[in-house]
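Two complexes, one shared chain (chain A), two partners (chain B, chain C).
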Partner chain A sequence: MADPMKIRANVVGDSTEVKVLMNHEMETGQRKDAQGKTVPAWFIQNVTATWNGKTVLNAQWGPAVSKNPFLAFKFKGGAKGEKVQIVWVDNRGDKRTDEATIA
Partner chain B sequence: MALQSGRVAVAALVVAAAGVAFGQGSTVDEIAKYREALQDGNPAELWEARGEEMWTAPRGPRKVAFTQCDLGLGPGVVKGAYAHLPRYFKDADRVQDLESRLVWCMVNQQGVAPADATKVTFGDGAARRSDLEALTAYVTGQSRGVKMDVALDHPKTREMYAMGEKMFYYRGGTHDFSCATCHGADALRIRLQDLPNLTTLEGAQKAYTTWPAYRVSQGELRTFEWRLYDCFRQQRFPELAYDSDTAIALTTFLARNANGAAFAGPAIKR
Partner chain C sequence: MDARRREVLKTGGGVSLLALVAAAGWLKPGDALAQGAAWNKAAFETHSLDETMKAFGGSAPAQSKDIAFVSTPDIAENGAVVPVGVSSSIPKTESIAILVEKNPNMLAAVFDIPAGTDPAVSTRIKMGQSSNVYALVKADGKYYVASKEIKVTLGGCGG
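Our next item is the complex of A and B:
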């Protein structure tokens, strides 16, 4: 089970600014271990952000994204007290869902 | 024609000289900008969150939580505790830095075998995660903004400080290096990394208050003991043992010299 994300969501003007820290190894599949064996690729492939059941962001990621990725984005709308949900799925099929309240 | 090309050559030279001067200044500036840009999404927070969870959970054979662990301000008190460490602990009869104190609490309160407590001092990816790094991240994060105030009020702390100072200036190893070789003058660097001059107040404060830190190049959170460990490796000194008097002495020396500055860790470094 993956560790939780850290999500902050704040109202800025007529938009909501969301900042997400994800806990993930993000292995590229290019590295070799001490024995010379390739470390298999292991990375987040899909990130979805929803607000009030509506998708506000959908991203397809590859192995070029850094370890423990930080994602910041804005969407129009959102009010204090409402929830933003983030879901990521990696190439092993592991999934993590976390939620934050807009402040 | 000859005159013209001469003029061009002079112009090119001026540009080149300006380029060198500009290049050095701007590299430092650009690294500072890079650090600033990263500050917002510091993954150290992920370690802090994990450490916070571990702090209150019953651990070890005796099922005792860290809430029983006294970091100097009373059992379980973490707020501001790091700003006063290292310090002398009566129960352990020893001067301890944060990492040593955590190990002591694991062994003496939670009943963890000493070898298990220090099995993974420095983590390496998902397969080798260090509890000590997560705990250190959490505890130090609770001192953010607190002024460093390490008191030399006990003879043993003073002794540790003196030993740390001696160690700092002690030259040895295949390179005949001391800590002061790299950290005893202004504007020294390793490749593009500026090295802090730890013999000045400003240098000592800036360096000490920004550890632990998330190292982007390693994707790991590193504690102050790791910083010392890796400096020893770079100096070609014998391997610095975790929780050793040498590590604690150097930490005491450097922490005390940072007194008065607001603690700013866990930070983020390249």
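Our next item is the complex of A and C:
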């Protein structure tokens, strides 16, 4: 299981700003190791953010997203104390779900 | 009698093994399928804007001044971590895609923007070398594009 994400969700005016830092290698599949063998691609493919059971962002990523990906977005609504949930799935089928409370 | 018992054991073992294989086999393609549906493999393997548009099933995008790059540098020191923010002021923005012209595969990320979410996202991407970066926005079924050149001092592949 991968390391937890860092999620920060803050109310800004009538919106909620969400910033996420994920822990992932994001291997491109282009790199070669010391033996000259290609390091297989390993990256997050899907990211979904939900708030109150509603999807607020859905992303598809390729291996060109940086290692330990950062993501920031904003959605209308959200109040202090409510939860924002982020789920990612990588190309190996590994999955991680983390939750943050809106502040 | 004894011989028969062996037989039964053998077939029994065989069946359970088969069942196991089948179960394992069923699980894996199932998972892959579930993922494949949500991940546009064809689009992520394209090498030009035209190909990407084909994979998305859209026509050639129109240049738009309503797409802005936010907190995106002109010169990135490290190609492995290039901050890119895209914001669209086109009404009914449905999705935002980030493409890097000179990367091995052009498409870096696609964000679906449901109603209620601001059509603005920022993330960090890898760039192999200095290149044009495209922000492709789908709004109301049409595609719009804006581009920005980012110079990379140190490539994301260690070059």
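Following the convention adopted for this analysis, the second predicted complex is superposed on the first by the 103 of 103 C-alpha atoms of A that agree within 3 Å, B and C clash if a C-alpha of one lies under 4 Å from a C-alpha of the other, contacts with A are read in each partner's own complex, and residues count from 1 in each chain.
Convention: a contact is a pair of C-beta atoms (placed from the backbone, for glycine too) under 8 Å apart; a residue touches a chain by one contact, two chains touch by 3 or more.
Computed from a prediction, not measured in an experiment: that's the story for all the values here.
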Touching partner for A:6 - first (chain B), second (chain C), both, neither: first
Partner chain(s) touched by A:92 [first = chain B, second = chain C, both, neither]: neither
Partner chain(s) touched by A:80 [first = chain B, second = chain C, both, neither]: neither
Chain B versus chain C as contact partner of A:55, first or second or both or neither: second
Partner chain in contact with A:64 - chain B first, chain C second, else both or neither: second
Partner chain in contact with A:25 - chain B first, chain C second, else both or neither: first
More chain A residues in contact [chain B versus chain C]: C
Shared contact residues on chain A - chain B and chain C: 66-67, 70, 72
Residue ranges of chain B in contact with chain A within the complex: 40-43, 45-46, 49-50, 125-126, 216, 219
Chain B-facing residues of chain A, complex: 3-4, 6, 19, 21, 23, 25, 66-68, 70, 72
Touching residues (chain side chain A, partner chain C) in the complex: 15, 26, 28, 30-31, 45-46, 54-67, 69-77, 89, 91, 93
In the complex, chain C residues that touch chain A: 31-32, 35, 38-40, 44, 80-83, 85, 100, 103-105, 107-114, 116-118, 120-127, 157
